[in-house]
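A short worksheet on the structure shown next.
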């Protein structure tokens, strides 16, 4: 597996402006029927104060990536087979559980998908936030409680002095997620990981929560990883985006570039399946087929059975994450010299249609370079 | 977090290896090569899962041996059960286990304990299973009526169940056995059945309530299928798995209760040995030794109940669509 | 809370009435009826028998008999007496200004065997049962929580497998068999170190519950309690072993369920140490269903102790029931069945309230 996104040599820390450097991460699950390669060689970097979106369908390995970084997976069945995770100059996978505990909630905080089940039903929200504050910041009971109220205020909960004494079930879904965010920021972490923070919420609340995350991130200058299955959500939330498919990173770049000129047929499919107002009347396209069974991954390119541009080589030659210029990467043979001209032409045509549609709807698209310009790394 | 092991659809299995395309393999299962899955019918799948449950298989084997012993044991036994071997010799100490009498001999009439246990197995197992059938039958009927009819009838039946469950059932069964059964096996079975259906009826009712709302029942109703047909063809087959599991627990419970009631002397007439009444007189001779007299019948009860519970556990896992083979 | 309790008590009334009807019906339909034991007695003449029938009101129609037994009707007057002359409902015990006859007023009649008041006998037998069952409950609940929790944390280890085997066997073991075997082992011809029957040592102590006993207890508290404790060992052990099997499994399952919940992951994501995650966040939630479970088990203490009490000759409710059943002692049986039924209903109520107290999600 290539390590195109890694700048530093194996075993040595990245430059200090890089907060998080994930290198060739491989996480497996051992289940009764065999081994599931949930994360299979994922690498990415995140600068201090920067934002990254990880996008993929369920089963693509995006949540497992996050849980691996937090080292929250149950081992076994999970097993971190390979890779390095450099965070703030330290390698996380080599830390003891005690050292790791001081990082969790303190330096890296996580926001989960389902706020109702993620909050403990038998403790008040204040207890749950203050508990963490007391643990990491070594504050007194009183001071932690005040800080809990402070955090609740920060996430826009009205009358926090009253809410702090309530139980999770007494709050609305949006309120609960605000509590989760308040808990996450209570110790001023350097990195926030939000795992599908809005999926379980009403559509009207979703926008509010995303807006809140954005504001909080801007105010606290922490880095943010936003994990979602919805490309539409990342569009105005993050700077960079990493698209994952079947445990692998398949495309990487800034959010504008990836959204306006995708270089991987899978990303293109994801973009086309976003419903939008201007496409009204037209057909909403979906990627054909389903995510492959993790026990029976297709040989070579994992997206090939569902790919409209695939040709015979795609079944034989496993694609790597090729650098395609401008700091972008894509895992597709179309970006190699071996590309099938017919497929390439169809791909470019499709890309042009996509861009024309986007240009019609929004600001002019970024300059399009030839997809074939990229060279194998 | 993605649930890796539950992403596959229910009642679908991953094919063992990549196979050559074929419409169906010899067991009649259909292989869908696009996703590499094999779909099995409910019972094939259940058996497959059951077979993987080692304890359940052991339990099934133990039950088979016990039932076999109960059926043919008395025929093969070297001693004639109904002639008392040494009627003139009342002894206070029996004989400890030996080759001729592996479970020893009792005090007083010096009967072979193995012989008693094997004969007792007939009655005890018969009571355990038969009263389960009565309980399951009443429970299923009451639960089905309650769940299907709803309204006043449902309310009335469920209040009756509430009352029955508030009774100290062990006392009631004891008293009823003493007052009505007069040592008769059949009456004991009826009494056990009459006081053990409430749990099943609640279960069946809740199953009916939930299944009644499912689409396929709605669909059947929409095309004018009769109530009777809906109950027997559409709802009951879907309710069978949980009933089977509950029934297995009922057998175990009944076997222990019978032993207890008979042990106290209020159950089956000692002419008809059961695992319970064999022990009745064992207690008085205990201070002379005779440990083998109560020990072996009790051991067989434990093994039987263990076997039934193992099978019950296996069934629970095998019939639960949420677990995978 | 108060409203909930009142509502539940009102809901319990029809259930309790239903129970009296069932209990009455069962005993009424028994062949021979209450005078069956006199029917075979050659020393009692036909006319004496008829006198008994008349005196007990057995010549009256069944509804009247039931009504009198319940205490709504009286021999001296016709018709129902749901409301007393002073306008108060006719359901209070005599001491609180109610009538003097019938179940509703605390009058369960007199034992056919001994002539004692049924209520008095039940009251006397309740204490030994409460001592035995209470102590056993305390021990088995604490041990179940301990074992179940440890097994859940150390899932699939040797300890967990050992407790699994133990609970399977314990679950399958008949109480009376365990009792018999324990008596053989510790009070038999080989090793005779523990008392196998009764509550006190006959030679050195007055019988439990007698007037002399209280004096003895007061004067020699250590000796009396020590003797009682010594007699408690085997019966308590029997009850504990049998009940711990199911309950420790319950705690284990509940704890495993709780440990797999999202909030446990959140607690770990907050950086809490393992013991905090387990013993604060998971444990508290795992105890919720267990509290209900224990509440529902309490009435079965009384019925379940029946076996243990028989084996160990413990003079409690269970022993009383067995004797009454053997002797066809109708008033005694009805009394015992009713009292234990009321206990079941009461325990259900307590279990509900307890659940609401420990689970903030439940509003009463």
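First chain written, first letter: the chains are A, B and C, and each begins at residue 1.
In this text, a contact is a pair of C-beta atoms (placed from the backbone, for glycine too) under 8 Å apart; a residue touches a chain by one contact, two chains touch by 3 or more.
This is a predicted model, so every value here is computed, not measured.
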{"item": "From chain B, the most remote chain by mean C-alpha position", "value": "A"}
{"item": "Two chains sharing the most C-beta contacts", "value": "B-C"}
{"item": "Centrality ranking, top chain (CA atoms only)", "value": "B"}
{"item": "Inter-centroid spacing, chain C versus chain B (mean Cα positions, whole Å)", "value": "27"}
{"item": "Centre-to-centre distance between chain C and chain A (centres being mean Cα positions), rounded to whole Å", "value": "58"}
{"item": "Mean-CA-position distance for chain B and chain A (Å)", "value": "52"}
{"item": "Sites on chain B at which at least two other chains make contact", "value": "1"}
{"item": "Shared interface positions of chain C, touching two or more other chains", "value": "265"}
{"item": "Contact footprint of chain A on chain C as seen in their complex", "value": "261-263, 265-274, 281, 284-285, 288, 358-361"}
{"item": "Complex contacts: residues of chain B adjacent to chain C", "value": "1, 159-160, 162-164, 166-172, 174-176, 178-180, 252, 256, 259-260, 263-266, 279, 282-283, 286-289, 291, 294-295, 297-298, 301-306, 309-310"}
{"item": "Interfacial residue positions of chain A with respect to chain C in the complex", "value": "70, 72, 97-98, 101-106, 109-110, 112, 114, 117-123, 131-132, 135-136, 167, 169, 180, 183"}
{"item": "Complex contact set, residues of chain C against chain B", "value": "14-16, 18-19, 22-23, 26-27, 30-31, 168-169, 171-177, 180-181, 183-184, 188-189, 265, 299-300, 302-304, 306-307, 310-311, 321-322, 325-326, 328, 333, 336-337, 340-341, 343-345, 348"}
